[in-house]
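The following pair of complexes shares a single chain, chain A, combined with chain B in the former and chain C in the latter.
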Partner chain A sequence: MAANLLSYQGINISEAMAFGIGGGLFFGYLPFIRINGMPLVTYRAAPGHILRQIASIPGVRMHQKKFRRQDEAMAELDRALASSMPVGLQTGVFWLPYFPKALRFHFNAHNLVVYGKVGNEYLISDPVFPQPVRCPAEDLARARFASGALAPKGKMYYFDQLPARLERGPLILRGIQTVCRMMLGSPFPLIGVRGIRFLAKRLGKWPQRLGRESADLHLGHVVRMQEEIGTGGGGFRFMYAAFLQESAEIMQESLLRDCSASLTTAGDTWREFAAMAARVCKGRARPDDTYSAMAGCIDRCADLEKKVFTELQQWVKGRS
Partner chain B sequence: MDPLQQELLELICTTCNLDDVDLDKIGPDDPLIGPESPLGTDSLDALEIAVTVQKEYGVRMDSENTSRVVLQSLATLAAYIRDNS
Partner chain C sequence: MNTTTPDHPAEDDITDGQKIVSYSVNRRGEYELIPESVWQPVNVVNQQAWQEIEKKIDLSRQKVLAGQVSCLHYYMTANQMDPALLAQYVGQSRWKVRLHLVPFIFNRLSANTLRIYAELFRISLDDLRTGRLRPPIYNHQ
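Showing the complex of A and B:
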């Protein structure tokens, strides 16, 4: 999202770099926010956080607005597009007709970029689709005002001021520092590495606490949150690893390359857990696919991530 | 269907326990995942296919968007493996 918005305005930046300098990696197990009646598990910071972090870079200014009325929200979108400004929108996936029916469900924190309008249709760059897509105005308006948890309330945003170029070094350091603080230093037991361990502990007890059927439902939900809807556990670990790899070249720092490799291993371990969970949910579990084995897998992710972020934290301290 | 595509089809059927699929009726460009797929596979199957492909061919699909593109059909999956292994 952020990379898309920046690139449209002439700042070439990879998605991984925007994700990294925006402090995008995160883990949160948030049972008090319900998605389809199940606790929210998120593996990345909210897009708003990444954009705010980028907007706080000297020389960058972001315009952001929410609305009460659909007509006002759509008129403001049209005004921005008329001045050739690509616009980020928060939407509800369920109302976007270009999503296959199988992928449409009530998730309201889906972000996309609108970059034009032809007739009654908006031209959209959606991170889920490799090609640009189109959406009729009335559907987009509905998606912008979807109700329920994380309701977007017409939220739109764009960068209205940017420097000629971004000096990557200090931004890389700041981005890593932000993620280390989230992953290691949060006082809340549901956040960061502590949150990963909390999920492992909870998940290991689900069959006893909830009964087998409900445990499998919860498991399916965690996996879908992990791999499907832009909260992807493995995927975002791989993206952050790509950011560290790119940063290793810029900063000429081999430790970042090593951390990138370790985080890729963490991503693979998240995927290993997800594959095991998928087999359980689909009723083709192997003898070793047990809830305690899955909890063990998540604990290994916590170990790997703790090691990576402790090393990164020490590296940042040494540079400042 | 080329030999790699055939091999992948068999691997997918084994991985996802698809015993009742008539392999001769599956084409290289048929959708692999989703309601239009003749295999009847869904996103949880897709995840398992991605992990199995990584184990068997050493090729990682490293973001959900890549998986969506790569797992469109046997032809796209085979091409991705050829290009990245």
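Showing the complex of A and C:
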């Protein structure tokens, strides 16, 4: 979504690249935040974090605002659009009518870009869909003021100043450094590679702790968060691997290319887990599809990611 | 034989056949963005979630018909809310919302209070008064 916003203002940047220099990759298992009564598992940094990182690039100025009242929030959006400024919004997907029915859960951290208004409808570029979509004003207002966990409170943002060109090299280094720090160096055991291992440990015990039925529901929830539409699959691992690949090209660095391949393997392992989990949820488990096997699979993801990010961290250190 | 047929029928597909963007590696090991159908396991876990939601809605409908809870309980459940979330949306306290789920109290609510709920769920005041159970918002067309 940051990429969309930037490209509308003449800076051509891929979604993966914006995700990478924004330091987007993350892992967190936060059982004290509940989404539909289940623990929050997140594979990316909060959208606000990615934006802040991009906004702190020299020469970029970002304007961000939250609102108390709906009418103020919509008026401010119209004002920005009137000066032909594309605007990023945080929304709750439950209220967006153009979303496929089956994806309309109460999930509030969905970001999209509004780039115009025709009559009473807003023109929206949503990272989930290949084509632009339209949304009536009333529905958009509701989506911007969705309640519950991670409530958007009408949050909108736009870049009112941008450099003519972005010097990618240092930004890539900085983005990678942020992610390495998150994945390897967090003091909290619920975050980064340690968080992945923590999830594996917990998940292995779910059938005993929660009972079979609830364990299956939790499992399905983890897979939904991981493969959620807009992640590019594999809990954003594929998107980040695409970023590493693009960076390898820009910086002429074969190590990044290797790391990209290793991270793709990690993404595939996440998907292996998801496929196993789906069979369990559907009641078509094969003999070796057990909770402990799935925990083992997630542990392997942790090993793979630890290796990738350790290599990346050393590379970054060597360059600065 | 038509080789372009997707490997699962469209009615199984959570996006109703709409393609979404996904990252995939081509033969040379390079990433490409390809509009694809949703990956099958994703459909499975989404269906699981919906089965669970529909189970809850059915249970709620039965309770409403049996007179154990007010029809507000049905609208809350059908829109995937719990009393806490509903309370945030209507700007009431949780215990008030919980009380409104009791038929005896619900039947004595003022039109103003009912209107807040009716607006949220996009139904008429009459629907709430007569206890008509209409489909949730995401089924409106």
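By our rule, the second predicted complex is superposed on the first by the 314 of 320 C-alpha atoms of A that agree within 3 Å, B and C clash if a C-alpha of one lies under 4 Å from a C-alpha of the other, contacts with A are read in each partner's own complex, and residues count from 1 in each chain.
In this section, a residue touches a chain if its C-beta (ideal position, glycine included) is under 8 Å from a C-beta of that chain, and two chains touch if they have at least 3 such contacts.
From a predicted model like this one, the values you see are computed outputs, not experimental measurements.
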item	value
Partners on chain A (chain B, chain C) - clash or fit	clash
Chain B versus chain C as contact partner of A:Val128, first or second or both or neither	both
Partner chain in contact with A:Ala275 - chain B first, chain C second, else both or neither	both
Which of chain B and chain C A:Met251 touches, first, second, both or neither	neither
First, second, both or neither for A:Phe238, with chain B first and chain C second	both
Touching partner for A:Leu217 - first (chain B), second (chain C), both, neither	second
Which superposed partner A:Ala293 touches (first chain B, second chain C, both, neither)	neither
Touched partner set for A:His106, first chain B, second chain C, both or neither	second
Touch count on chain A, higher of chain B and chain C	C
Contact residues common to both interfaces of chain A (with chain B and with chain C)	100-103, 127-130, 220, 223-224, 227, 230, 232, 238-239, 242, 271, 274-275, 278, 281-282
Complex interface listing, chain A residues touching chain B	100-103, 127-130, 220, 223-224, 227-228, 230, 232, 235, 238-239, 242, 267-268, 271-272, 274-275, 278-279, 281-282, 284
Contacting residues of chain C [partner chain A, same complex]	14-16, 18-25, 29-31, 33, 35, 38-42, 44-46, 48-50, 52, 79-82, 85, 88-89, 137-139
Partner chain A, residues of chain B touching it in the complex	16-17, 34-35, 42-45, 47-48, 50-52, 54, 60, 62-65, 68-69
Residues of chain A defined as touching chain C within the complex	15-16, 36-37, 94-95, 100-106, 127-130, 147-148, 151, 216-217, 220-221, 223-224, 227, 229-230, 232-233, 238-239, 241-242, 245-246, 261, 264, 271, 274-275, 277-278, 281-282
